[in-house]
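What follows is a set of structures to go through.
Across the two complexes that follow, subunit A remains constant while its partner is subunit B and subsequently subunit C.
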Partner chain A sequence: MNILTNPSKLRGFEKHIKVENVSRRSILKGLGLAGGFVLAAPVMMRPSFAYETGAGKMPHGTVVDPRVFVSIASDGMVTIVAHRSEMGTGVRTSLPLIVAEELEADWKRVRVQQAHGDEVKFGNQDTDGSRSTRHHLIPMRQIGASARTMLEQAAAKRWGVPAAEVKAVNHEVVHGASGRKLGFGELAADAAKESVPSAEGLKLKDPKDFRYLGKGEISIVDLHDITTGKAEYGADVRLPGMKYAVIARPPVTGGKVASFDGAEAMKVSGVEKVMEVKGWPWPSKFQPLGGIAVIARNTGAAIKGRDALKVTWEDGANAKYDSVAYRAELEDAARKPGLVVRKEGDAEAALKGADKVIVGEYYLPHLAHVAMETPVAVADVKGDKAEIWAPVQSPGGTREDIAKTLDIPQENVTVNVTLLGGGFGRKSKCDFALEAVLLSKELGAPVKVQWTREDDIRNGFLHTVSVERIEAGLDKSGKVIAWRHRSVAPSIASTFAAGTVHQAPFELGMGLIDNPFEIANLQCENPEAAAHTRIGWFRSVSNIPRAFAVQSMVAEIAHATNRDQKDTLLELIGAPRILNLTSVKDLWNYGEPYDSYPIDTGRLRKVVELVADRGGWGRSVPKGHGLGIAAHRSFVSYIATIVEVAIDDKGKLTVPRVDTAIDCGTYVNPERIQSQIEGAAIMGMSLAKHGEITFTNGRVQQGNYDDFPVIRIDESPAVTNVYIVPPASPDTPPSGVGEPGVPPFAPALINAIFAATGKRIRALPIGKQLEA
Partner chain B sequence: MIKVKINGQEQNWDGDPDLPLLWFIRDEVGLTGTKFGCGQALCGSCTVIVDKQAVRACITSVSDVGGREVTTIEGLHPTGDHPVQKAWRQLNVPQCGFCQTGQIMQAAALLMDNPKPSHDQIRESLSGNICRCGCYQRIENAVHLASTGV
Partner chain C sequence: MKQISAALAVSLLSGAFLVSAQAASAQTNPPPATATRPAKTPKDQSSVPSNAPKATRTQTTGEGSRDPTVKEMNVKEKGKVERMGK
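Let's turn to the complex of A and B:
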């Protein structure tokens, strides 16, 4: 079975991945840190919580072992491993903070150590899918509680008292009756000799005693380094003798080098070598595109050398890809029946019998991630060993792919994870790291591969391009009795397997077949669409076009029936209930068990009601202003947004205010939730207002922030307010935060524009549509 | 031979005089707090201060700054406690943090020129600095805080 014929075996398709047994073979090695917990008798722990998550189904599952994640030095310094990648969500702080909370460690005496890529040792490290807190709140609590228990046991033995009489409090263990105290550092060596307690007997803290969790008072651990320039991102790694490389890649996906002449490039001061880089035929998952590399003593010389290269390309099968023609193809497909992926009642008949049918066709073009840090990696390959420093969201997957690419054992590959200057899904694909190891191997020297912004935009893994067509049938009273939603877009699976024309279950489950509306006749279809470029995960993924379409249609129905948009939305959501989607064969629920994370319309209603209340829905606004609302469940969180827009007489758009309510279950750091939602509004506004990648003759037409603009501070909303729903109980499962904020923004904005101007925008970006 | 003073230290360059200052600072001098984001003065990640002016190092050549004083984020304050840096930390501004050094340098240059900028002036001055994470609300508030006393 290989990757090209079976994409379901790949990362991101984890629903189908078999649970793998976690090998314990590397545990005894410990972390090599002073005073670490290193002992025998490995204990597998089982969650003893009120809910299960999909963590165990991820490749390599979770490892719940204090000896892997915690070490305590004799001076009391506690080191906690962060095994997931930091790209701005705050995960490098929040996961260790969970451990510290249960450990009763004093956060001031905690140091965070970034794990290298090793999923056998640390469990799954794929930092994507808004999964970190939801999959790791329980394991991290158990790890902290285990380590605390071991410290308590060691202290009890030292004093000759029952363990029940001692208690860890703020970095020391205290014997209440005698008032004796021992610091964590004094106990570390003895604690390491204690056996790891089983999860069943583990005593977790009562959430009312939390000092850190849920408070939002702890700043991210990298804050000082970020503000002083000391924080180390991928490009900041420097090795002795390191060369600098930039690569000219095929402008058309699937193209290759026909011939090249590097003579002029070699004349550039500082250029040392021009060489071909191996490429793989399209599609081939994350393998490099190939091209011509220019190697130099610094990046500037390499870029200048590349500008002087003469390369003739063989464009291949996608040379005619044209965005104008392709949009017409998608629209055509959306107007015909497609593969039925959900069917309730008989939408076809109900639409025919409806008093009124409203049709909306919503277009969203390709988008590029444009993280501020472009792809970059430093590699040092010596013989059959490879070491790499890279800003990757998938340290474990990167290690696997490097091993395969170089045909060396995984054990010989060390992946050092730097900070990521933004990820947004782009850095889940490690092609840039593979380029670096290929070049380093050939050069016999350490090398840094630096992508320019143009490379990032023209050779990336773009967000798909889509047409979402919704037909809503209304009866005489204005009630929606039929709903048919056709979603047409090239699938991410096309990057893994040639000939893919249908969307994968994980894409269908993002706002299409999980539609929560209470409508008797509801049908979802997925007509075919073939890809002509590399399609990849982009923050929030298919939820962006789906929320845009569905929530726009809600407002269109409200307008057609002369009713309030929020009231129409609540009526469509219907009664508070748990959806029982028996008609859906393959409901992908973000990889989570449905029992823990059902579609709960009560929670969706609640965020709508909360944002309407706190965000002042229905307030009177000045002339030229309008309010719009949208709600969406994604990454098993519930979110609703109100946007106030102002449009001047020239069609210039500004956003005076944004209000968002999120229910993400039990949470760790509300301050970072707030920052994620504030940022999501900016990303949502960027894609709504400006975001568009287009192709002509198979080539991306944009190249930098001038022709692919994103929101700048002078266009940004004046105020973004965030309201976080407190968890119903300490047993409420945590859910996603990084991605759910983006999808509702665009439809809320578009609905606000309609309220302000009467113009209904159905194709993004807004661009100059308001100026006409 | 071009001589440039970077954070008070003299640096010499006898290579390509057209080499962008950004790559000289990062790759040749080894100060990596100044970031590459676009290469075309579109994003501000590479902002440094040259003789009290915010400058985009990616389109400034080494020869342009011959004999002049360049301040990078590493040289903004000896302990990292410039009012802008302190305000940034107080308001927990960064997410990924990559663009923040450029933002801070731009803000520091603004305050040298205009110690009490209005919110509109802050937005105007920092409009050349992109933050893809979208920390703008906090950036604006942090510059305001730095200007009113941290």
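Let's turn to the complex of A and C:
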């Protein structure tokens, strides 16, 4: 499935495909060259969806206008704008590919332009929540179909024939009766004069005629540059006269500078200035933490200068935050009643009357994103105008925050989006970009703010810490008749609101209150948990601890009742049905309408059965090996994973094989799905085996890959097989791919370890728990 | 031919040994701060004595922002995440 295994398919693509930023200057330049499709004022068209999604409710919604996203030059080169950020998912290939498909453009004659941050023009640009394809499959098809229709209309007028007699085919418009043909370039100028077709009358292609979608035969447009070192990330941006800065930030969340002495730092060769950076009291959205900036002629000098700084901090209210003590508090809370957030039947009574009660407490520590590329931004602020180059997941939000922070109009802010060397939710927060604009404004010069790995780990927005306690009551036959799940974890909402002690609805909806099990007495509770550091989104978010707990408990029940894990899982999922969660007051469904994306236990069952069949569930394995299974619905996709582990006499853990089945509805690029699941297995393995951020005296104790490791090649799963469930129909809504692969990995791994060794791991990371 | 193979094997083994030795050394003697590797813990950074209470599960510690712009940004973002997740 990997396109690299067939290099011949790549030949001829690379020289034609370019990825560029669409700055205002380049758009104007492009217009002059194109002379065809004119980028007029953006028009919000009413989209005609075959199904409804939550796209329209996102800030600035969706823009469906070919004049914003497509331009065609007189030589026929088609330029398609990618308005989402590329962080490894392949999104800036996938979305333009959808447009090209409907446009009948020849992909070899398409170039991709990266949009700058402008949500009024492009619609919502938040590249997160596994929703780019989910929200844009239909809009991008409409854009491509609109442009195709305009080309066809222009050709029909040129030939004096009815539009119904002409058809766009592979970069040309053809009149079948006469055999006449005109290239897209020849028609571009006339097509630009045509009115944009209404969404209601637009004819989309029949999926059976797709040349690209669903095939997995197109490499990502960035592949050549990435593999040859030519790709430009945030750190690659250099401007004339640019200064380089690193910042010493408060080591404790909510802390600030008490005093500093920059004299020694100024003695470092290359250091030009030491200055205080404004910080805001926590919580303050994504505003900078503040601290002391060292400005130099290069980043190395700035780092050395920072090491020479003398700073005294005032640590503030979180100075005593300690991971060990806090974990004990979470465990204590999980053993007491908490806020009831879902109640079916009477779990309390059923647990009291149960023949057997199985209790599991599962711990997941704070986690750091540690994307290969640390945060970095280059800013150039001149008067009341700001331009920035940065690897941001939310270019529109970044633009808005810069404007507010500098108190200038949004129209005066240009956000150029570079490639992201990984994001995982960290780069949805633009604090590093805000630091750069503040420094540039102060210095009157372009500034690059570079975060080191230590900065990234110690001053980021961490994944929450949690204790999940599940009590399962069984009757005499071993059937589960009661289920009580208490989830205790600081909320992401604490990053925006002081006094937050409960999880927000969107967190509760990630594997807690959306539990799909068919159990008569089911209760979910959320005891209080205050945050003492900045909590942020992390790939898969609350689904990670919830899937770990729920799917571990399934295996614990299977073991206690001497049954098969997979059979127990299917029994708990129950009959195929659409869940009607009337008892949940505020069910969050990943921002999607429930009618389009209901909780469908039939689809969950299907991925379990598929992976069991194709992954050889129940096969005999060598001594020291074990199989574990887990399934989970997240980002409105259904996924099931089997992990095979091998553990030697010294407790060394390896993973010879992973099998994953995913049902993500209608999909665009199966090769990208494969790569996302492979990446999820590697990330899941890293987190489960090594991932732990700890605090002592309010300070993060880890700082780099030596004490927060990412698995290397010898620890990586040797084989990851991916099985994609075909969509039930062309109208099956697409669902998430980027994140769903992570949550089932850890419980499948832990269940496999139990099968191999009899050791039940309830606290992550695994660390040294398997040794002797 | 045999001799060449043996020599190669010895060479490879030596290389493996060297790599292991370096790894062991790296674990016990972390390299000093350089231009690209910051100090693990900057020596001249300290904190004033703190009388902060123990950080507990029930005691919130954040401050309500007094800056109206940031206050508005917080409220807007909280509303967004509650509505759309992130």
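The rule we apply is simple: the second predicted complex is superposed on the first by the 727 of 772 C-alpha atoms of A that agree within 3 Å, B and C clash if a C-alpha of one lies under 4 Å from a C-alpha of the other, contacts with A are read in each partner's own complex, and residues count from 1 in each chain.
The definition used in the following text is that contacts are C-beta pairs under 8 Å (C-beta built on N, C-alpha and C of every residue); 3 or more make two chains touch, one makes a residue touch a chain.
These figures come from a predicted structure and were not determined experimentally.
Of the two partner chains placed by the overlay, neither subunit B nor subunit C lies in contact with A:475.
In the superposed model, A:106 lies in contact with neither subunit B nor subunit C. Once the two complexes are overlaid on the shared chain, A:330 sits against subunit C while remaining clear of subunit B.
Once the two complexes are laid over each other on the shared chain, residue contacts for A:52 go to neither subunit B nor subunit C. When the two complexes are overlaid on their common chain A, residue A:272 makes contact with neither subunit B nor subunit C.
When the two complexes are overlaid on their common chain A, residue A:309 makes contact with subunit C while staying clear of subunit B. Once the two complexes are laid over each other on the shared chain, residue contacts for A:716 go to subunit B alone; subunit C is not touched. Of the two partner chains, neither subunit B nor subunit C is touched by A:518.
Residue by residue along subunit A, subunit B and subunit C are tallied for touches, and C comes out ahead. In the superposition on chain A, contact is made by A:537 with subunit C only, not with subunit B. According to the touch criterion, the shared surface of subunit A, contacted by subunit B in one complex and subunit C in the other, consists of residues 299-301, 303-304, 452, 706.
Taken together, the subunit A residues at the contact with subunit C in this complex read 54, 57-59, 126, 128-129, 246, 248, 251-252, 254-255, 258, 264, 280-285, 287, 299-301, 303-304, 306-322, 325-326, 329-330, 332-333, 401, 404-405, 407, 425, 428, 452, 454, 488, 492-494, 496-501, 504-506, 527-532, 537, 541, 588, 590-591, 698, 703, 706. On the side of subunit B, the complex with subunit A involves touching residues 15-16, 18-20, 22-24, 26-28, 30-40, 42-43, 45, 72-74, 80, 85, 88-89, 92, 94-101, 104, 122-124, 126-140. Contact residues on subunit A toward subunit B in their complex (touch as defined above): 86-90, 219-220, 222-224, 226-233, 235-236, 238, 244, 268-270, 297-301, 303-304, 370-374, 419-424, 450, 452-453, 671, 675-676, 678-683, 704-706, 710-714, 716-717, 719-720. Of all residues in subunit C, only 27, 30, 33-40, 42, 44-48, 50, 52-67, 69-70, 73-75, 77-78, 80-86 touch subunit A in the complex they form.
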